[in-house]
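So the structure is just underneath, and the comments pick up after that.
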């Protein structure tokens, strides 16, 4: 039979099992989205290159709230569709998904983690697009990039998330200042870039405050802190009419049920407070 | 600065370079699409389980030409967007993409190959859906599964493709007979399954011919052979008006240009003929 | 120059970096030594096959104290020659070496960990042979097998060591009983094997006690618990003659110095006591 | 039972299967032997560092024929003990072993290939030492380093071997000239190093010829080409006395038998001639 003759090729597949008892992080990045917001320090250079997804769809700079909400919607879909994701953190055009260290989903095969997350994210992006951009047709199917990284200890995992949130802050402060200089200060992008070269965080805060009367700390948390998605037990109370055997009439009762629900937060995850307030995220129960 | 303190977490990323001088195959499978067509020999069992994407969108059985054409459209988009894909082969809800053994795309990182292909395929699937299913709204974003496999020799690669085409044939013959027994023969799925249990290819051909007057060899090649996408040089002739320096008037000329174009074939790839007719597919030129 | 033309072949080497912050365990096993002592439950079967290293060199059964001490000597040499080994545990013809989770020895390349340990162990085995077997010439160079395993948490690491010590106990109890039945009870190996089939630990203890007046708990700890090698700070006091500037004569003084030294223990590592008594083994100081 | 409770730790072992249909090369290097001969261009620097194995055992410079023959003896033992090694190539303190691409030895696990080769080599080194250095006691057990590299095509494999033989030539020419300048030319090592800095092969040949009357091409092939070990079928004819049934007396007959034997060659492997003369080395028969 033809089948068996060729089937030896299956033996070339390699096992790519993720080491046990480690936190599995899958990060998704928009491919050619708008490198600009991702911490690239030379927006000029970037702008010169071929048009990007963000520009072609007229994303607002430095932050497009619709694009960020669409990212959050996609991440929520990923969490609902795939098992064992404890937490997701998103900022700009990237999203990180944390699978519990005890998860044995698809026998912990790295390729499964990566491709299921990234494909679900990508199809969601097109699927939910029109809810967030009702007036902007999506011009072509976007691509995403994914990777999987293992973190052996809880501290390593937290530091990974801290790293992404710190990155969010750094880029957002830069971009907010840069585009203020351009949009409100009348500088060309080149001039804005020169103005900001080598400036520290305090100096950028000062520019925003003195020149544009912007208190950076009042900027939306969505922009400054990114988004965290976690599961939360919520009590759902619904009314129901029932008829008890020994009673004549139907009667309305309240039915209370615990349900797991995804909540979206915009808060500090750097520091202890977040973890103290949500002790169940990393517990085995997940 | 906070950034540097956390950045050590980058060191946990591992290099997943694909061995050089090997053919890189990325296979994409629909997740929970319709396992039925994929060679599962117990459709009954499958039907009992939760509703699948194919059923929820009323795909025609055993083959839905719209779904197959949509898969081909997505694969074409993947080939156009990503570099160095020499050939793609699709059947049912799966598609295989062959990257040239000399390709150094993204330094041959396995995660890049996998996630770029699978995300581009997934976003294309939703993006192009309405062109193929104008009257059927897509109900939710579908997921896909991807893997990467390396083949050191040309024969190994060809045998991989042969394996997938043989799989296409085996499943399609089974499914065509099964659904003929159900749709035209009036059998229940359970009865059809019992009828086919242990039958050889020749017996299924005979059932189709005797009971339903179907000559399996006349079934569409798309169903029996799957789809092959390859690059082909085409000569494009266009008319252009030019004015030569030493002439008074503009003049229409024909401009001939060679262009690479993706062509879709439905033919045998098992055997030598296909490779002899398309010698450039596996040549270094790709 | 010829060199550069061929040097591309270096690119085929792959990075095999061990994930950071994980304990690295390298286990060495004697190749074709005496599978018998390793928990194989069918010594008869084993005896039938080709002669083994242990038999060809007349190792005493069930334990050869010389062979065990030679293994310990080799392990000590490995610890002295290679960096960052916190602990080694040996039993029968196997030895496990624990590299600290923070170790960055040879950039944590798995192949370096494995081959340096196994080659040092193998050359030591021949080198030190005559010290332990002065009257038995070594007949041929023995082979060893090695592997590397990562453990993310301290508990995983301890459980690994517990697993090996439990294995030591199980095999030693079986072997002690088996060879008592053969050597003292006059049974053939086949009869002894049948006698022990399916017996629990308590039953084997009972056989030893009733039939051979052996209290298993009085058997040497070396056999029952295996060997643990750890580093220990020892205070070394030596006498030295010095002449102080303002004194006429030389004078003998005591010089005290702390030195790291390998100590060999035969004790329980299962349980908390061992780790409480040696808190520094797993601490970062290593 | 204690065993089962801890046995979960086995799941942390990862599969390290070598890709099928690829040539598997294991290279062994002496650890801290005498980096000098290995192409390090700064012998001065090396000499300053701690004493090396080669120096501590008074190896002759630039080549010690005893040390090279010992290496060859060890490699021969490795080939005899382990399965499926087609060819071995050695030079200086390194040896490469080629496992056939079709070999399924130990399910092609990389750790098995590496550790079995390196441990067998290391124990052989001490075991056979006294045959080659009868008057020099070995001072301590030497360590070796090993790695495994895969080569998908025959050309890649040949280029790997070419690379090592080219390396042999380059280092030997340098070292021969360097030590001639020192031993016969009366230069200090520093002076010799300065003299050779930046010289091409032709210039070194010229120095050897003009200053020391050495025709480099007459230097021993062992030094210039390294050593190749391959299997060769040899016909062994032995005399035997037999008594045939229908004959009265015993009668002496010649019995001819084909036997596989390892032969050691010192010849060019760069170029086609070697492979044409030994077509069976890379054939499946191996």
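Just so it is clear, A, B, C and D label the chains in written order, and each chain counts residues from 1 on its own.
To be clear about the criterion, a contact is a pair of C-beta atoms (placed from the backbone, for glycine too) under 8 Å apart; a residue touches a chain by one contact, two chains touch by 3 or more.
All figures in this text were calculated on a predicted structure; none of them were measured in a lab.
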Chains touching both subunit A and subunit D, listed by label: B, C
Between B-D and B-C, the pair joined by more C-beta contacts: B-D
Far-end chain from subunit C, centres as C-alpha averages: B
Inter-centroid spacing, subunit D versus subunit B (mean Cα positions, whole Å): 48
Averaged-CA centre spacing for the pair subunit B and subunit A, given as whole angstrom: 30
For subunit B paired with subunit C, centre-to-centre distance based on mean C-alpha positions, whole Å: 54
Residues of subunit C engaged with two or more neighbouring chains: 12, 14, 19-21, 150-151, 156
Interfacial residue positions of subunit A with respect to subunit C in the complex: 19-22, 101, 150-153, 156
In the complex, subunit C residues that touch subunit D: 2-3, 6-10, 12-14, 28, 31, 77, 81-82, 110-112, 114-116, 118-128, 138, 140-151, 156, 159-160, 162-163, 166-167, 169-170, 270
Subunit B - residues contacting subunit C, complex: 11-12, 14-15, 17, 19-21
